Amino acid sequence: MSKIVTEQKGWFNWFKLAIDLRSSVIRTIWRRVVATMIFAAVIHWIYSQGMPVNQPVLTSLIPSIVLGLLLVFRTNTAYERYWEGRKLWGVMIHNGRILSRNMYFMIVAKTPEEKRRKLEAIKLIGTLVWAIKVHVRKEDVETELDHLLTPDRLAEIQPLQQRPLRVANWLADYFRQMYEQNKLNYRFFIELNQSMDRILEAMIACDRIASTPLPKAYSIHLKHLLLIYWLSVPFTLVDSLNGFVIPAVGVITFSLLGIEEIGLEIENPFGHDPNDLPLERFCYVLQNDILELVQYDSQLKEDSGIE
Amino acid sequence: MSKIVTEQKGWFNWFKLAIDLRSSVIRTIWRRVVATMIFAAVIHWIYSQGMPVNQPVLTSLIPSIVLGLLLVFRTNTAYERYWEGRKLWGVMIHNGRILSRNMYFMIVAKTPEEKRRKLEAIKLIGTLVWAIKVHVRKEDVETELDHLLTPDRLAEIQPLQQRPLRVANWLADYFRQMYEQNKLNYRFFIELNQSMDRILEAMIACDRIASTPLPKAYSIHLKHLLLIYWLSVPFTLVDSLNGFVIPAVGVITFSLLGIEEIGLEIENPFGHDPNDLPLERFCYVLQNDILELVQYDSQLKEDSGIE
Amino acid sequence: MSKIVTEQKGWFNWFKLAIDLRSSVIRTIWRRVVATMIFAAVIHWIYSQGMPVNQPVLTSLIPSIVLGLLLVFRTNTAYERYWEGRKLWGVMIHNGRILSRNMYFMIVAKTPEEKRRKLEAIKLIGTLVWAIKVHVRKEDVETELDHLLTPDRLAEIQPLQQRPLRVANWLADYFRQMYEQNKLNYRFFIELNQSMDRILEAMIACDRIASTPLPKAYSIHLKHLLLIYWLSVPFTLVDSLNGFVIPAVGVITFSLLGIEEIGLEIENPFGHDPNDLPLERFCYVLQNDILELVQYDSQLKEDSGIE
Amino acid sequence: MSKIVTEQKGWFNWFKLAIDLRSSVIRTIWRRVVATMIFAAVIHWIYSQGMPVNQPVLTSLIPSIVLGLLLVFRTNTAYERYWEGRKLWGVMIHNGRILSRNMYFMIVAKTPEEKRRKLEAIKLIGTLVWAIKVHVRKEDVETELDHLLTPDRLAEIQPLQQRPLRVANWLADYFRQMYEQNKLNYRFFIELNQSMDRILEAMIACDRIASTPLPKAYSIHLKHLLLIYWLSVPFTLVDSLNGFVIPAVGVITFSLLGIEEIGLEIENPFGHDPNDLPLERFCYVLQNDILELVQYDSQLKEDSGIE
Amino acid sequence: MSKIVTEQKGWFNWFKLAIDLRSSVIRTIWRRVVATMIFAAVIHWIYSQGMPVNQPVLTSLIPSIVLGLLLVFRTNTAYERYWEGRKLWGVMIHNGRILSRNMYFMIVAKTPEEKRRKLEAIKLIGTLVWAIKVHVRKEDVETELDHLLTPDRLAEIQPLQQRPLRVANWLADYFRQMYEQNKLNYRFFIELNQSMDRILEAMIACDRIASTPLPKAYSIHLKHLLLIYWLSVPFTLVDSLNGFVIPAVGVITFSLLGIEEIGLEIENPFGHDPNDLPLERFCYVLQNDILELVQYDSQLKEDSGIE
């Protein structure tokens, strides 16, 4: 949660990062870069045969300002989704913490059996967030949740479409029983409920990010403009650069396509890409917080209400 | 809700999407593109007759930066509405879920009759969201709602202007009765009410998006600038490109008009366009969630309070 | 509220809108456009006398990028106010609906007299929103409110500065009396109060938009830059365009001044301009919603608690 | 609060505003403009001596796009602070109104003494907002608050660092006493408390705006770029413009420096500049609202609970 | 909190700030600036040997608009984090104040022992915020917290991962005990809880800012574009500037790299850089506010409930 991993400052780290090709988009886009370079080579060959393919005026076909603004808009939008996705997981962890602390201090549990049920319920919060991770990533339920749920509950949850909702139902059911048995004030019931609702609200927002890409018409139009731009570039440069037109076109393609590709990569930040969010780590942070809360119990027995 | 449909990565998918003309705006704008090409052809013919129509300096008439910024502002604005529309439906589904779960766990229902009324009321939530869909899309009420409402209620709702509000009244009326019969705590009454209000708030925001386009003066001015730009382009290019001025003008028109058209298309995301939001699917997701909640009843009879 | 008035798609509507000069800003700015054209004509005449007034390098005086960014920033800001103004009226209508429904279902009214007072109070909500419209537009109170208020109350409200606050006081007074007579739960009292507060919050935000223009220093500086730009343009174009410099300057003035003028026009969206918000229509929508709520009473007498 | 002071439309007002130099930034920046003109004159003199100081290629040193974007980013940021500052005062007035109305209707006051104390407490709200004004502007407490506070309280408040917090304490103390004497429902206590907290929240946000300028590294870098730009401009223009390079450089400096200066001026909107917010007027609006509320008392004695 | 430190106006301060190199990014980036100048010198030497390394057309390799937009996007994003970080600390201080005031007025404490425990608990709020500072900055717990905690509690907190959560637990535990002993109304308990939760919410948001830099692919791509740009600049300028190409390249590198570096520096505003937020000062402000609240006690003994 709190590992400071921002860029290191200084010239050395600057260059170190600049040559870190593993996280770069180069690996993804090199094929297309090569393709445009081959195209440039062909144009150069035609030009060297004396054909009048040199047309500098074509630069105004797609004004670079229009292309630039569209690319940056795309990046912006993608980054906002990335950042919102990050915020949502912060919301989940925060409300998981609040919910667990409030359950701990608000629900009255005197007997060992009551205490056992309460601790079990508190641990369900970790399960809820884990189930949301599985849901958002479309992972396999059986392998991911079997260490957190009893076989009965695993079987119950398996055929459902919105599995985290069922986990929330279990919690809500427990709250209602406590309320009916006068072990939970009606206002506290609402408080617990609301923390849980905020976790589910974050879940549905993750769904939104994962299932709603940039409108298709937009992506397609951007690709068309990029294609037209690349197809026209060799004609505008072949006269002045001669053979160097080939690497030049490669560089141009790399710079523009890279921006588009980054947008594509961070648009859905819940996957397994190197640039995606570490969802597992977030889940472990919350589970550890719950653990540290429960330990509080054993340390301060004389103070705590659940003795 | 959670089908991951973001763009696939990789060069192959890139080109596949680039040639997917069905979702592209080409189908909508080709007539206007052809029109500017014909105009360019006319200018070229005049030029070939020796008339001095070549005026490269005209490029500074409408600075491409101004046009570019306006177009991107338009796209931005349209996308924000699209994204807000998407968020609003997330809010509706989320609050529909919360409302149904809270009704399920907060309202006391002992007799079979009480249970029947409660389940009926819970199902009204799905009807409410469906009615909002019908309202936002100005669809026909009779054909769309007859499978969700009794004929009496359908007749009652028919002549109204804000039909979803009446559905909300039915729910509110039920809550009040439960409250008066001491089957619903006064604070729970408020909680249910608030969830419902948030659904109605999302509805009125959808109304706002659907009924308030970009100020007309703005759209008109943008069209004027585009027209002036297109009319001046052939004069600036005809000398250097000669006959190629015709496809060149086509490409320029396509690139700029496409951006405007995308803005127009996603500005109101509640229609039936290929780029619009799948409202029906959102409604079915909520109805399925309610179904999965109600099934919970039959599975855990011994735990549930409404047995 | 929900009339879909977004732009129609297709080439025909595109051109139809492009020539709709009534909503265009042309009517407002033509005098200034003509003025710059006259100036260009003078420069052209001087040039034709052989004076060396041709200075293409002047284009770099005010970089078009700087001017473009400032103009778009202005438009952006103005549009955000417009959109916020639109949102605020949605908030008012929404909370007017919520408030009326909650008053209807939460306040106990058994006797005909109590019912009469309650309905009267519910109708005050419509009056409140209407009074806000009058307040925001600085309209005449007597002519606008006399059909909604008794002469006594009209006289009471007349000398005040913040008249909607007094209408809110009447409502709050009624709530308090109901609360003191045990016809309104204390928590419901708060709920009604909060809905009303949200209406007043929207009112104060409308006040903010109407009374706080873009900082004056900003508007003035933008005008200075535009003036300098126009004064320098004829010098840069007169050599290449000759007599055509006059319409060219007209077009440039039109395109830039139009953007500024649109910003000016939508900055305060509460007036009577063709591009302003239809405040009256919003008020009627709410009044109709209240009417449809009250009709509910007569239809379902057997269910309603106020019978 | 609601005086409509947006720009008047029409060509006459346009020019009237354009020559309003009092609110313009010209008064602030003319010294620096003259300095760059002197520098240009020196370069011109050197050039006229036949030295090869003409270097048009220097225009690419600081691309105008980079400079333009940075300047607009600065303006944007400054305007957002200005607008947020304006919003915060709206929040204060709104919550001042809500708080006074709720105190008026929620606190039970039967005896004249109780009524007197209640009115006194209500008037403290105006004092609270006035104290915030004094706090935000770092004004002298004694001269500004002596007409609103008794000498005792003035002496009590004098040595504190966060004086508005003490005023809030007096109010909170009064609320608690009313609560303990059963003249204020516990839930109403919270309601009053929350309105007051929102006023204090706005205060701390004003503090944030007033005490956190744009990061210094940013301001400095922007100044460096501007300096480099100005130093290079005469070299690029001296050849084509000859003696006219001097006014040209003046115009360029004026246009760019003006944008930076506006940002600087509206960044902290709580001062006494012509472009700052009218904090006093905001305070008077609230005090007048409280006055109009208290008058309500005398008008409707038979209805009011504090009779 | 409220020290007004915005830029001073006027030409003198302008230049004073312009030459303030300590806060400038020059200190950080001069090595890289020198490196590009050496590279330019090499190119110039090769050019002076008669090699045809002059390629002005290379300026279109990385359009300056694309680079400019990316750099500004980076700065924007970094500034938003900076500003959000600043807001979060405002939220913490505000809620610390609210929480302390509400604890002071809402918790009943009659006996000296009860009063002692209450004051101790109020002081824990300051400890909580201090612990958050230590947590966000990854500082050493023992040296930073030993003056605020008893050795027992310090030992208890030492091995935990999320130490501020444990401090919050102590407070929550105290609230629960007061609630169980009927010294704290259940609704006040929730109120206190919620203020504390908002502090923890701000903490988790600080964690988010500190631990989530701009996606790595983005930083790397930006560095690649900058590198390509610098490598191509000497080729484009060497012909026109001759030896002056070396300082020119230095200036270009300085201006672009500076923008990137500022972004990097303010992206994580919780460190010890000159441009970072003064977290210690924020903590002291809150501790002083709590002190001024507690002094209120001794001044007005006859009024206060904890007498």
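We just call them A, B, C, D and E in the order they show up, numbering each chain from 1.
The rule we apply is simple: contacts are C-beta pairs under 8 Å (C-beta built on N, C-alpha and C of every residue); 3 or more make two chains touch, one makes a residue touch a chain.
No experiment lies behind these values; they were computed from the predicted model shown.
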| item | value |
| --- | --- |
| Interface composition of copies chain B and chain C: same or different, split at half | different |
| Distance from chain D to chain B - Cα centre to Cα centre, in angstrom | 38 |
| Whole-Å gap separating chain C and chain D, where each centre is the average of the chain's CA atoms | 23 |
| Junction residues of chain B - those touching two or more other chains | 65, 69, 187, 265 |
| Overall pattern in which the protein chains touch one another (line/ring/star/complete/other) | ring |
| Successive chains around the closed ring, taking chain B as origin and chain C next | B, C, D, E, A |
| Residue ranges of chain E in contact with chain D within the complex | 1-7, 9-11, 14, 17-18, 20, 23-25, 59, 64-65, 67-69, 71-72, 75-76, 79, 82-83, 86-87, 90, 93-94, 97-98, 101-102, 105-106, 185, 187-188, 191, 236-237, 240-241, 244, 248, 251-252, 254-256, 258-259, 262, 265-266, 274-275, 285, 288-289, 292-293, 296, 299-300, 303-305 |
| Chain C to chain D touching residues, read off their complex | 28-29, 31-32, 35, 55-58, 60-63, 65-66, 69-70, 73, 77, 135-136, 138, 156, 160-162, 165-166, 168-169, 172-173, 175-177, 180, 186-187, 190, 193, 197, 200-201, 204-205, 207-208, 210-221, 223-225, 227-228, 261, 264-265, 267-268 |
